[in-house]
Structure formats: structure tokens, C-alpha cells
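Comments concern the structure below.
Per-chain numbering from 1; labels A, B, C, D, E and F assigned in written order.
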Amino acid sequence: MASVLLAVFVNGKICKDPKMVSANDFFFPGLNKPGNTSNPLGSMVTLANVNKFPGLNTLGISLVRIDYAPYGLNPPHLHPRASEFLFCVEGTLFAGFVTSNPEDPNVKNKLFTKILYPGDVFVFPQGLIHFQYNVGKTNAFAFAGLSSQFPGVNTIANAVFGSDPPINLDVLTKAFQVDANVIKYLQAQFK
Amino acid sequence: MASVLLAVFVNGKICKDPKMVSANDFFFPGLNKPGNTSNPLGSMVTLANVNKFPGLNTLGISLVRIDYAPYGLNPPHLHPRASEFLFCVEGTLFAGFVTSNPEDPNVKNKLFTKILYPGDVFVFPQGLIHFQYNVGKTNAFAFAGLSSQFPGVNTIANAVFGSDPPINLDVLTKAFQVDANVIKYLQAQFK
Amino acid sequence: MASVLLAVFVNGKICKDPKMVSANDFFFPGLNKPGNTSNPLGSMVTLANVNKFPGLNTLGISLVRIDYAPYGLNPPHLHPRASEFLFCVEGTLFAGFVTSNPEDPNVKNKLFTKILYPGDVFVFPQGLIHFQYNVGKTNAFAFAGLSSQFPGVNTIANAVFGSDPPINLDVLTKAFQVDANVIKYLQAQFK
Amino acid sequence: MASVLLAVFVNGKICKDPKMVSANDFFFPGLNKPGNTSNPLGSMVTLANVNKFPGLNTLGISLVRIDYAPYGLNPPHLHPRASEFLFCVEGTLFAGFVTSNPEDPNVKNKLFTKILYPGDVFVFPQGLIHFQYNVGKTNAFAFAGLSSQFPGVNTIANAVFGSDPPINLDVLTKAFQVDANVIKYLQAQFK
Amino acid sequence: MASVLLAVFVNGKICKDPKMVSANDFFFPGLNKPGNTSNPLGSMVTLANVNKFPGLNTLGISLVRIDYAPYGLNPPHLHPRASEFLFCVEGTLFAGFVTSNPEDPNVKNKLFTKILYPGDVFVFPQGLIHFQYNVGKTNAFAFAGLSSQFPGVNTIANAVFGSDPPINLDVLTKAFQVDANVIKYLQAQFK
Amino acid sequence: MASVLLAVFVNGKICKDPKMVSANDFFFPGLNKPGNTSNPLGSMVTLANVNKFPGLNTLGISLVRIDYAPYGLNPPHLHPRASEFLFCVEGTLFAGFVTSNPEDPNVKNKLFTKILYPGDVFVFPQGLIHFQYNVGKTNAFAFAGLSSQFPGVNTIANAVFGSDPPINLDVLTKAFQVDANVIKYLQAQFK
């Protein structure tokens, strides 16, 4: 991080004058507190990316805490700019990801899954759809590290059926090869 | 591309001995032929990535030709390792992409769309879900460039409802917040 | 693209406040119009880089349309920051590039060439001198994708014989190992 | 990860034939087990880099578990190819890092420190000397994520006073500006 | 550089088994010897890139020594994969580079030049055409550092007028806007 | 370097309006003057990084001149963001670097060294501790190139024993496994 006369910008974020930087810029407290999982998915992601944790600027890494109620789900999603490792701290998680389209059209997208117990790690490569599901009877939680200070997240159900404005009905009925009423029903869940 | 005694590997691909390289390695013919769109989606992607076009190795770029029958759809998908520009050559395409999840939970994923006429270009940032739909009465076709020699592609419907093995029913019913029969119906389309 | 309080800069370009971004930022119309080839070279490059197409910012890709009158030439040039694929849409193009200096001084720089018909693609690796020449009797045009949002272009004849100020005569006579009058004659073409 | 006929190498690691890849390649179990801290430093780092966890290949991320006995120390060290976040799971850690040399010779290298309680995160930028010290009366442990699949680690005391062969005595006495006996005494601790 | 069972490849170069690496891999002797400048250009470049100096593998840097007889010229050339700094050690060098084409067609490519005396440094950005000319009455020499372990070099005169096979006469006469005899004369110098 | 209306920032540095750029921005004079080695280490590093030499911005390279009195030492240090080549111009230098920790705990960090005479080059990989010591009876000097425009430097003795504030005594006594008085003595040299 270089200093210039007035202000410094690095990768789109304002970089503090080095003389004003303190230990607090590199410190992010409070990830011991469980996130509130009282929501339809029964999960909560608490995020420490560069927008919330300025010291990550230029460092190419960020992290999240994820909490899961029993049968809570971190639903199928992907990170457009990062790979991720997920470390199961408590509980029992069913985790998986789907590979890219095969170039051989007779082969299907592969689903790779594992049951994760405390101490187990699973890796989700950049841009692939992945999920975790609490298959135990107790709360679960996990930590994850991501290979970008600003990884982004696209939740499939929300992006496809809950965007603003909605994706055109013709597009979705053709893409999913179902009746328009099925799509309307799906879209109704994300209004 | 450097030469060594026996063989040379660059980014996972065998790199030819420079003395054996010829103009043909940098040449890819035949993209003037329309792809066959006689399929349920009414579209066909013809791909020239590094697996099919060795001269792209280390160059960080690849390309595709996309054909669309009337009302043909290149369904919602994403590229985990590349951004894309799409150039409409013939026909009328409705193109769109959905932004990443907002960090403010009261804001929805935004859908950005445009009607593309011949000569129009639209850009799809890396890892974001995008689609094109032929809204004209004639065949359409487009060319696209991608910022990777091996961009990958994840088609949302196939990855979510057609993976091998299928994603667990509990995961999908919770993710899409619908009845299991709806998910089974969706999965049945991609068996 | 991250948001900060006042303004956001990414890779040297101002990045819009995400709330102000619209579909138009990712849209570039009008590349169906042939460029005006009424000039000594008989060719015209119409460029869509990040300076003209803001949505390319951070995406690592850009594109051009190139038109050629009969016997029109896109003269020997190179891109200091990008590799390129060139797709021949109409006409017949003679395309080529020259490899880097061999480390074995008895070997010469190799010229790789192809005649491109509609649907053919040729690739020009980053920083190598390349050209296209319309060898047909009709107008030709091509699209190209480049692996940078700001690839730059150095046209050899203009850079070497038409710079401002001119390159010293002694330098050029020695470099090209010809009489000063030949260099003066060459320089006179680019005043 | 691309497939070729015989074998695939990515960034120096053999990449499996995609058809042979399984979920186990992306899975690393057992990080719930505390490392053995019965050693002079009272700490143990358990590492999951690409050498031990092949699925990290090309993903740009890795992780470690660190255990600390009471007054256990992860001594001053640095990672030549990665930045790191450290998440305190249990116990009380005193963590710090030292910034690069100031260009103004009258200013000293700054030490930034924090006491970390469970749930607190501290970040160590790439290549900077950092440490953690268990200042509580109980065992402590932490997880860390690193922005490289092969970050490397240089422990200062071992590299400076315990290398094989030892660094020349004249170099070290001058570098640390102390009597040769002091250096010999320091070196004796790392034989 | 990671070790695997049989062999390790990094960026296209074989990487030694770490146990077999020695100090000699990181050592390149003899750059105190002037290169032989008894050639038409009166200059000689002595190169230490990764092909000749294996320890540079993955390090992103290389170097050259350049010798110049009086009025010796390192002719206009460029490096497709590296920027360069040039440090004048002895003698008086006239050094310059030409910027990329302006996007405003009424502005010409700019030539930036400096007379370099011992101790002066000039920088040539990646992919731009540059040269050095000994304008003193004594031998001169310089060292240069390049931002790639395999920067490549394209000498303009040789690539344009001396390639194998030659670039088509029509292409060159149009590019340089001169009579074919001038081009033939230029080509004759590089046969 | 792109131009925008008001100002341009690239990688954290202000980038001049291209119309205001001149040859002086790419020029750094005066490295023929020996640095003043009248200091306890008997060495002086004269640095041309992007803060002092604006033309290096975005170019990924920088350089230093290093002078050594007889028995002068450039003490053990590292660059967090760059690899380095060192070219010995005059004198006799003993140069070395220490590799990363072995993953096999029974193996020690390896020290690689060479005696450098004029014309010899040694390479120091990114983030590894290295030094040079003048073992001749005359002044020595060297030039070095670094693979970053802002490489940073961490001098081990100063960072470990001379930081502001000092590293906690308990941390250092445990890290170096010596008596607190030894650490206090070491710290006293860097107050």
C-alpha cells in the first residue's frame, strides 16, 4: 500500500495513509457469536469481507462464519471471484458441489459430497455451485476462508427466481422445461 | 512457451516443442456453420477453448459461436473462470445477467437486460448468471469472447436439477422453498 | 467493484457507485456498421475498449470490428497487453504473425500465416507483430476479442517511421541497415 | 484443470485425470484433534497445504490449525507467498506483526498487536513477521486461512540461527551488532 | 516449488526435486565479460533468462548485459511479456521508446528519449518499441532487469523485413506506403 | 494507464494525465554515486521504487544500488512482494539465502551461499531471508532488480529486536530460547 499526497486507492478501496493505520484495521471481533438462524433456511452467514474489514484490502483473502439450525441449509450458491475451504467446527454437515458441464454431452454434471464432522474440511472451487445442510439434530457451525478480499456470492434460487425485476417467464419455463405455473410458484417464494 | 528436453507443460496443457509448432496450431476453422438447434432449448453453443484449439494455451482467451432457433434459449448459466462479451450477428436477442447478492438484505439481486440487434454487444461479468433468448421470428446467432482459455460453464438447471447423482431432495426443497413434488418434477426434466 | 463513500477507482478507471450502474453500462451498440475504409490502408478498426465501454472495467476483455476494402490492410502491429483471436465474418483475409527472436542466432523469426475464409479463426499471441490483408475482391470484415480491457496497439510503421518527434536518423539507418535516404523516404510517408 | 492424454500438471503439481477425481480429493479430515504441544515452544501447527490436500491445486487457498499450551508460542515467522487471517477459537492469544522498514530512516518498524479472545480475527499481510502467544492459563487454539495453496513458512529464529549450514558468524554479529559469544549462544539453541 | 513423486513442472519448466537443488541453480557467473560487438549493429545482448538460468523459474524476473561499440545500436525492439529498466554503467547512451497509438487520430505516437550517462536509469514499459544508441566515442555498457523470467524479444527490423518466410510484399508496401523496390531493398539486408 | 476526466489512480498511485507525461517520468539519474557507508553496518541501499520513480507505476519492476565498505554487510532481510537478482559490479561479496521451513521436521532450513565476483549474479526468491557481506579488502557495489514496483523490505534484526513498540520480552525469549538478558542486550542495540 503506497502513500501519496492526498489519498491512496488500491483495487477500488480507499487505502489509509500509512501513518493513520492502526492494529484495529487488521482486527475483526465477535465471530464467536452464533448468527441468528430463525429464518426459512435455518442458516446465517456472517461475513468479514473487505467492506467490513478494511485491513483485508489487497490481501486476497476473506472469511465467514456460518451457523445452521437443525436441518438448516446454506443453499446452493457460488462465489464468482473465490475458491473456498469450509471447516466444520460443530455439528454434522452434508456438503457438496457440482462440477462444470462436461464437454462430452452424454456425461452429466457430477455432484461431489461428503458428510462433515467437527474437524473436517471440504473445498469448493471458484465459481462452482455448492451447499451445506445440517443433517444432525443439534446446531452446527463452520468457518470458511475465501481466496479473495471481495468474493461475491450468488444464491441460485434468489438469483434465478427472485431477481429484481424477475427473469422473463418464457426464459425460465424453457430453461427448466416445466409449465409456467411451476415457475410462477417458484417465483412466488422469493417475492 | 519454453522448451525443455522432453516435453513442456504450461498451465496443465502439454506445450509443443517450439520447433514443431505450426500455423495450424493457431487456426480454428468452420465457425461459419450454424450449430444444430434441433433440441429442447432451441440453441447450440460451438466452443473453441484450449481443449479444442491448442494455440490458445497460455493466451487467456477463448471464443464460442451460439445459434438460436426462433424462441431458442441459451439458458441461465455462468462461467467460473471468465468474463464474456457477446456480439449479436443476426437476429434479435433478449440478453440478461443477475448481479451478486446485495449485502443489504432488503435489496434483491438486480437483473440487467437488453434487447440486442445485429451489431450490439453485451457484457457478462465473471461468475454471474446470464442468458440469451431469441425473441425474433428468425434464426439468430452470436459470437462471444471469453477472458480465459478454459472458462468452464455451469448451466444452472442442469447443475441444480440434473447432476449425477442428484442433489438431495431435502436440500432442494428447502433451497427453493417448495413442495418436494415440485422438485421431483423439475428433476424429472433433466434425467 | 466495491463501493466506498465518495468514489471508487478500479485499475485506474472510476467505478460507478453500484446503485447508479445500469444495463447501459454493459451495452455497446452499433458494431454492425462498417467502418470507413476510404484511407490509404483501406481498413478501419472500430474499438470497444474500457475507455469507450465502461462496463468492461475489471473484466479483462475487449473487442474490435475491423473492416477491409478489397486489398485493404490492417498493417503489422501488436498489442502490448493482450492476446487476440480474430474471427473472419465476410471476405478472404491473409493473416499472419511473427514469433519472437530465436535464441539460436542461426534461426530466423518465423512467420505463421493462414488464408481465412468466413468462419475461420486465427490467434495472435500477446506482444507479437501481426497483420491481416484482404486478398479477395470484395469487402471483408472480422471481429476480434482481446484478453485485456485496455490492450493498447502499436502500429509498427507509424511507431518506427512516424513518431513525434521522429526517431533519430542514425538509429533507423543502422537498425534497418539501409541508406539514410531510404529512411527519409519512409519517414516522409508518415508525416 | 484440463485433461490431456497422459497426465496433467498444474502449477507444478500433477493434476488427476478429471474422470478419476472423487470427493475425497476435496476433503481433509481430522483437524478437530489438538496438535501435540509438548515441545519447547509449547505450540503445534497442523498444515493442510496442497502437498497434503491435493484438491487445493490451482485454488489459491490453504489452511492450518494451531494449538498452544499455556504460554505456548507460535514464534515470529512469515509466509513468503501468502497473507493470512487467524481466527481464535479457544483461549486468549496475544498476536502481532511488524510492518516493513519505513523509507524515512528516523521511523522504526511498527509493531501492531491485539489480544484475541474466542471469535476474534487478526490479519497478517504477506511476507510480514508475525507471532501468536497464549497469554491465558488454558490451552488455546486457532484456525488460519492463507491466500496460497503453497504459502511456505520461514521461522525467523530457525532460519537465522539454525540454518544448515549456519550463517557465517561475522554476518550475524554485524547484523545484530552484538558480541560473537551472544550469536554462538543463540545458534547453540537451534543445533 | 512443490515436490511430487516423479517430476515437477512449473510454468512449463521442469522444476528440480527440492532435495537436488543447490546454490548453483541460483547463480549465473560471467556477466563482467563484454559481449562481442563486432557485428553490423555494433552491439551485443547477453541474456540470463530462465532457459539459461534455471533458478529464475517462477520468480518473475530476468536480466541482460548489453554492450555497445562506439555508435553501436541496440535496435528498435520490444518484449512481449515484460517491462524493463536499463541502467547505464559506462559510456553515453541515447535511449528512447514510442508510446502506443493515440486514440485521437490527430495525435501521433510519442517518442520519449533521454541521454543516459553512467548511473542513469530509463524504463521501457511492456510491449513498447525501444532502443539504445551509443552516442559517445567509447564503448558503453548497460544492465537491464526485466519483469518476467521469459520476457521474449521481437526485433522490429528482423521481424518485419527478415522473417522466415518473408512477409508478403503487398502487405509491406501497403503498410509502409512505399514502392516495392524499397521493401525489397530493406528485405535484402536481413536475408 | 487510462485517462479519465479528473485524475487517474493505478494500483494505489496517482497516474498522470497521459498528455502531461514526459520522458522525465521514466528517468532516474544518479545511481553512479556511491551511497554513504559510514554507518555501523558499513553498507547503504539506494532505492528506486515507485515512490521515488513514478514511471515504474504498473510496470512490476524496481531497482536498487547497494554499496559496501570493506566488511560491510547488507544484513539478513527479505522483500515481502518481490524476488530479486543481485549483480556484483565491484568487489567480492559473500551472498546467501535461507529456504523455507522443511515439512520434514528433521531437516533444517537450508542456507545457499556463493562468493560473488564482478559479473556474477545471485537470485533471492520472494520472501526468503537473504544477505550480502563484503569479504574483500576494497569497497564493493552491486545492482539489484526486483520483481515489483513496490517490493517492501523487512530487515530481520530491526523488525525483531528494534520494532516500535518492542516485541514482548516473553515472546522473544521463548522464540530464541535464551535468557531474557540476552534479548534485552539485543534490543538495546536497536533503540
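The criterion applied here is as follows: contacts are C-beta pairs under 8 Å (C-beta built on N, C-alpha and C of every residue); 3 or more make two chains touch, one makes a residue touch a chain.
These figures come from a predicted structure and were not determined experimentally.
Distance between Cα centroids is largest for the pairing of chain C with D.
In summary, the interface at D-F recurs among the listed pairs B-C, E-F or C-E; the equivalent pair, sharing over half of its contacts by residue number, is C-E.
Centre-to-centre separation of chain A and chain B, using mean CA positions: 22 Å.
Rounded to a whole number, the gap between the C-alpha centres of chain A and chain E is 46 angstrom. For chain D, residues that reach two or more other chains under the stated contact definition are 9, 11, 51, 58, 125-126.
Of all the residues in chain A, the ones that touch chain B in their complex are 40-42, 47, 51, 71, 73, 75-76, 78-81, 94, 96, 98, 100-101, 103, 107-111, 125-129, 131, 133, 152-168, 170-172, 174-178, 182, 185-186, 189-190. Considering their complex, residues 18, 22-23, 26-33, 48, 53, 55-56, 58-63, 83-85, 87, 89, 97, 99, 112-114, 117-126, 143, 145-147 of chain E touch chain F.
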